[in-house]
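Shown below is the structure under consideration.
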Amino acid sequence: MLHFENDYNKGAHPKLLQALIETNNQAQAGYGMDEYSQQAAEKIKQACACPQAEVTFLTGGTQTNQVVIDSMLSSYEGVIAAESGHVAVHEAGAIEFTGHKVLTLPTEDGKIDSTQLEDYLSDFYADGNHEHMVFPGMVYISHPTEYGTLYSKAELEALSKVCRAYSIPLFLDGARLGYGLASKESDLDLKAIAELTDVFYIGGTKLGALMGEAVVFTKSNQPKHFTTVVKQHGALLAKGRLCGVQFDAFFTDDLYLEIGRETLALAEQLKAILKEKGYRFYLDSPTNQQFIIIENHKLESLAKQVAYSFWEKYDDNHTVIRLAVSWSTTQEDIDALKVIL
Amino acid sequence: MLHFENDYNKGAHPKLLQALIETNNQAQAGYGMDEYSQQAAEKIKQACACPQAEVTFLTGGTQTNQVVIDSMLSSYEGVIAAESGHVAVHEAGAIEFTGHKVLTLPTEDGKIDSTQLEDYLSDFYADGNHEHMVFPGMVYISHPTEYGTLYSKAELEALSKVCRAYSIPLFLDGARLGYGLASKESDLDLKAIAELTDVFYIGGTKLGALMGEAVVFTKSNQPKHFTTVVKQHGALLAKGRLCGVQFDAFFTDDLYLEIGRETLALAEQLKAILKEKGYRFYLDSPTNQQFIIIENHKLESLAKQVAYSFWEKYDDNHTVIRLAVSWSTTQEDIDALKVIL
Amino acid sequence: MLHFENDYNKGAHPKLLQALIETNNQAQAGYGMDEYSQQAAEKIKQACACPQAEVTFLTGGTQTNQVVIDSMLSSYEGVIAAESGHVAVHEAGAIEFTGHKVLTLPTEDGKIDSTQLEDYLSDFYADGNHEHMVFPGMVYISHPTEYGTLYSKAELEALSKVCRAYSIPLFLDGARLGYGLASKESDLDLKAIAELTDVFYIGGTKLGALMGEAVVFTKSNQPKHFTTVVKQHGALLAKGRLCGVQFDAFFTDDLYLEIGRETLALAEQLKAILKEKGYRFYLDSPTNQQFIIIENHKLESLAKQVAYSFWEKYDDNHTVIRLAVSWSTTQEDIDALKVIL
Amino acid sequence: MLHFENDYNKGAHPKLLQALIETNNQAQAGYGMDEYSQQAAEKIKQACACPQAEVTFLTGGTQTNQVVIDSMLSSYEGVIAAESGHVAVHEAGAIEFTGHKVLTLPTEDGKIDSTQLEDYLSDFYADGNHEHMVFPGMVYISHPTEYGTLYSKAELEALSKVCRAYSIPLFLDGARLGYGLASKESDLDLKAIAELTDVFYIGGTKLGALMGEAVVFTKSNQPKHFTTVVKQHGALLAKGRLCGVQFDAFFTDDLYLEIGRETLALAEQLKAILKEKGYRFYLDSPTNQQFIIIENHKLESLAKQVAYSFWEKYDDNHTVIRLAVSWSTTQEDIDALKVIL
């Protein structure tokens, strides 16, 4: 069976696993006060060219979104997101669980457009009744998006400008950030992201960590008593070293970006194969996830050889499926898939 | 100045005020245990022909929606509502504040359609990922809707049938229920509403009470320890008699429906005047609120003589405004308005 | 039957009822924007000699405590209260419902002592583990307390000083404030309370309003978008005039204090009668509630003539009961009670 | 430096680390659907002799307590705990964050007594006012407690009996369960715990896992849609295998208990050394944590050679410190400590 169902079906990247093995017998302080977490934070700050950044490690994407959004919003505020945003659809209401509404904007490709955002915000304040409504208190975007698409630097600048005009923070969910940074079609690097957003996270789980996401507050704006807030959300790990060691490895010798680049090289091969074989794309994704529209009757035989993921029904006879290349995909996997497709 | 801005700009209907005056010096038990609350509950049960009904009085619409929805949903469930529903837009996130998502369906006229609901529910369970999503745990409709429109009996039966098929309760927000029941275009009475819904409320504030809404659980399904739940939401009134006495008056000699009928007779006059004078309707409302599209340049002079409410921008040159007839509107008000329009 | 069971068993004080009747037909803006609410707020600011005060009207004590505490605390903070405090015991968890812990201090008489508070706060910050604990973010006191006792000015100054040293607000629950202000044993007036606290509320329900409590933020510290916060808690009344008109009457010609004084004159008579007749006091209350320890076998016959409230079991043979004098108690009631006791 | 500060200062037990290495390259389903999680659950059910048990893996103790308590309680219910309970003191309000009060009982040794519990419950229902109070909906105990003490089988049976009489579940927090099971002074095994409680968790983090706790619902009482509830709390791990593999190793060849036994053998040596050297015990702990009262002036020099943890101030001249033996402690550590003490 070839595994293209997602980017988290294997354990850890060999270098991360090695780092865990090597540090296993060291005594370290708990709750994120260990040397590795501190060191990883320093390396991330350097990689972002953002000396004032404050870095915290959490265990998963939904948890990270919940903690960041809840801790940055006032009680009367909600978070703006694309209607396809992970926080809007696939987090089982984790944002509402903390008392906040997700204010959704329509989207075709998973992205929010700055004009659309500006319109939403100006309409909100123009409404005489807005004191009876949820205030837009933050903007959430994912990069890459749930559809694998990317913001250009110009697009992110435009969003950032609108957010600043309305004094609301811009939060970038980077669950798959490494795959975005490594895309040939992207002109955004960590430095630009740190500059243009108010908070973002660097996804570990989908890039080869056992678990772990690095939250980066970029404007000296980390919420007060953040450790306590994290604890209160049930998100403080006793052995914080587990994240620290892995992120320290990710940010040693540029490994994080290197993993992204290697994966995207394979993803581009896959995209070329799909094109060559005449598959119909659901949309044009420049990252590690490829979405194709496939005849329903072909699904069963494909499923016998390739694990893929069902995305959505396209029409009565077709289905959108996702093929995800990941840090654990090999050249052999791609070659074998080429034969099958 | 003529007052058509809303249906809550005056104090209490004379008969309700009289009842408050007459009972003022009686000693009564607190927290809803007074005789009048008990008696009003009995009268409501009779009016609904629903002997097993459980009736509780709360103070306002948003509070009622919050308490009912939060107490009926499991933590992993959200409430389905039209995108224009009061709970979705104008309650400052009171539903999300209690941890629940409002799952919105598109609408043109403020109503949810049973086919649309059925599609939403079947799609939800068809999605392989639905364990990562908010479960639809309840359906919220308003009757009359925020646009003044009404469900027919057939429409309510169809919605009720879908809800029962999926074992989720149907909740009807009757903030303006009296105006709906009295509409000539409605074939729904209290008995049918009690039968077809699982819980609904009879709005007092907009029908002439100082404050107060009567929640009716119709299927022996009032949440356990409901008084405690109400208290926990900060919604338990020490002098519950205040609601009890007013609702007792509402349901004596059919006053509640009578108020609705008198108001709607004036509302029909208003509608006829608007038609006659060539005003453009935003939509066809059979109840006490009329929505018209008016040229922006006419708004200022109108505002000098008539208090109306801004509804929404229609286009660059036109605005939708609402004229609300209410229990306190008089024939003189209508006659005077006719001259001005 | 004589009614001494509580201070909310009658409707409204005649002057408040009169004011409601007189203003009933006036058209007023909704949601607290009516003239009476504005005017009442001004009068309260003057009575408090606190021109920067911000005044909002809510409907009940638990609701008020919930809204004030939740809106002033950060998510990682709890509120300090005496273990007998209303918020700690008799609000069905309304504070925890909004995510905040009530941090209790032991008490004998319902009061918190400044030394005890200072110790609690210094111990908290001395604990190396305090990042894993709920931060003390506010101090809640009731005045009169649940036991009818009062803080002296010196005691309130001392509490205030500790709160300021730790930069946490002091909140005074004045559900029965009028009875405290009018006590001969009290040296605290509204001006001193406004100066020494950061927020307090002036209880209406128990002083003769149909419902209503006036929240006063005294340090230009009303939480941002407070109307929205109130709405979100389900606590915004459409006909805010109901509170406005009543509080306007309370603060016209010193009525609020006058009601307090008249009631306390009767309460002092009751206390003298109880002493004279040899009843054993549970504690020495200088306000409208008197607590006596009574033999169990006497309870039944007493209950046939006097409505009182059970307070707590004292021992196997005795019970603590409460007799509450109120704004609606008459000289005749006291005289009749004297005969019975 | 000798490490006795806590039981989570090293990485993973060698056998767990080995299992992670061996399974690292296997493709596994996400979100707890992997083979190892399934297999570990089966082994735990067997170890508990509880075929109907439902097992879920979470990442940390506070998270586990939060998810279990919140998902089992109704909104109007709180959880009873000893005043020293982890949920009451050191979880930053994680329980209140989900809307529930922690109802505390006084304790000397970290345990709740069945008579005390019975009294609390009967008093609650005897209080005429209990509808205005938080209902006791669950009992939380920790075993070993925060003081290292243990319940006997008879004590647990008595607690269990009271809980059943009042139809409320008994929840046992087993963050250090392995050290309790292995104590010579304990007559409780997994089977008895599964029988006498309604839900409990088997702590991994403090017994040698990188992270992970196994929640066991023992009475076919796992809350509905528990995966969704876990997700909503931000607690669902994408690579659930991480817990599955480690718990599979824990429950292979009795490793979990073996780790407990080896640790306790060293803990007993430590206890003997402390006695022999004349140290004063704060209380008598039969498990891996020993608490001693030490003169303040000795702390500094001790801290240069031994990492211990500050527990609490004993008096002006003495401090209670904790020495924790753990799965990673060696005979050499104990021998070296003996020389220093």
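Residue numbering begins at 1 within each chain, and the chains themselves are lettered A, B, C and D in the order written.
The rule is simple: a contact is a pair of C-beta atoms (placed from the backbone, for glycine too) under 8 Å apart; a residue touches a chain by one contact, two chains touch by 3 or more.
Quick caveat: nothing in here was measured; it's all calculated off a predicted structure.
Novice: Please tell me whether C-D or A-C has the greater number of C-beta pairs in contact.
Specialist: C-D
Novice: By CA centroid distance, what chain is farthest from chain D?
Specialist: Computed centres place B farthest from chain D.
Novice: Using Cα averages as centroids, what's the distance between chain B and chain C in whole Å?
Specialist: Roughly 34 Å, centre to centre.
Novice: Based only on mean CA positions, could you tell me how far chain C sits from chain D in angstrom?
Specialist: Here chain C and chain D have centroids separated by 42 Å.
Novice: What is the distance, in whole Å, between the centres of chain A and chain C, each centre taken as the mean of its C-alpha atoms?
Specialist: Result: the chain centres lie 50 Å from each other.
Novice: Using the touch definition from the top, which residues of chain D touch two or more other chains?
Specialist: Expected reply: 75-76, 91-93, 97, 99, 131-133, 228-229, 231-232.
Novice: Quick one: which bits of chain B touch chain A in the complex? Just the residue numbers, please.
Specialist: 75-76, 78, 89-93, 96-102, 126, 128-129, 131-134, 310, 313
Novice: Using the touch definition from the top, list the residues of chain C that touch chain A in their complex.
Specialist: Going through chain C, the ones touching chain A are 70-71, 74-76, 99, 131-133, 135, 224-225, 227-229, 231-232.
Novice: Contact residues on chain B for chain C in the complex?
Specialist: 1, 3, 6, 8-12, 17, 20-21, 23-30, 59-64, 66-67, 91-94, 97, 205-206, 210-211, 228-229, 231-239, 241-242, 307, 328
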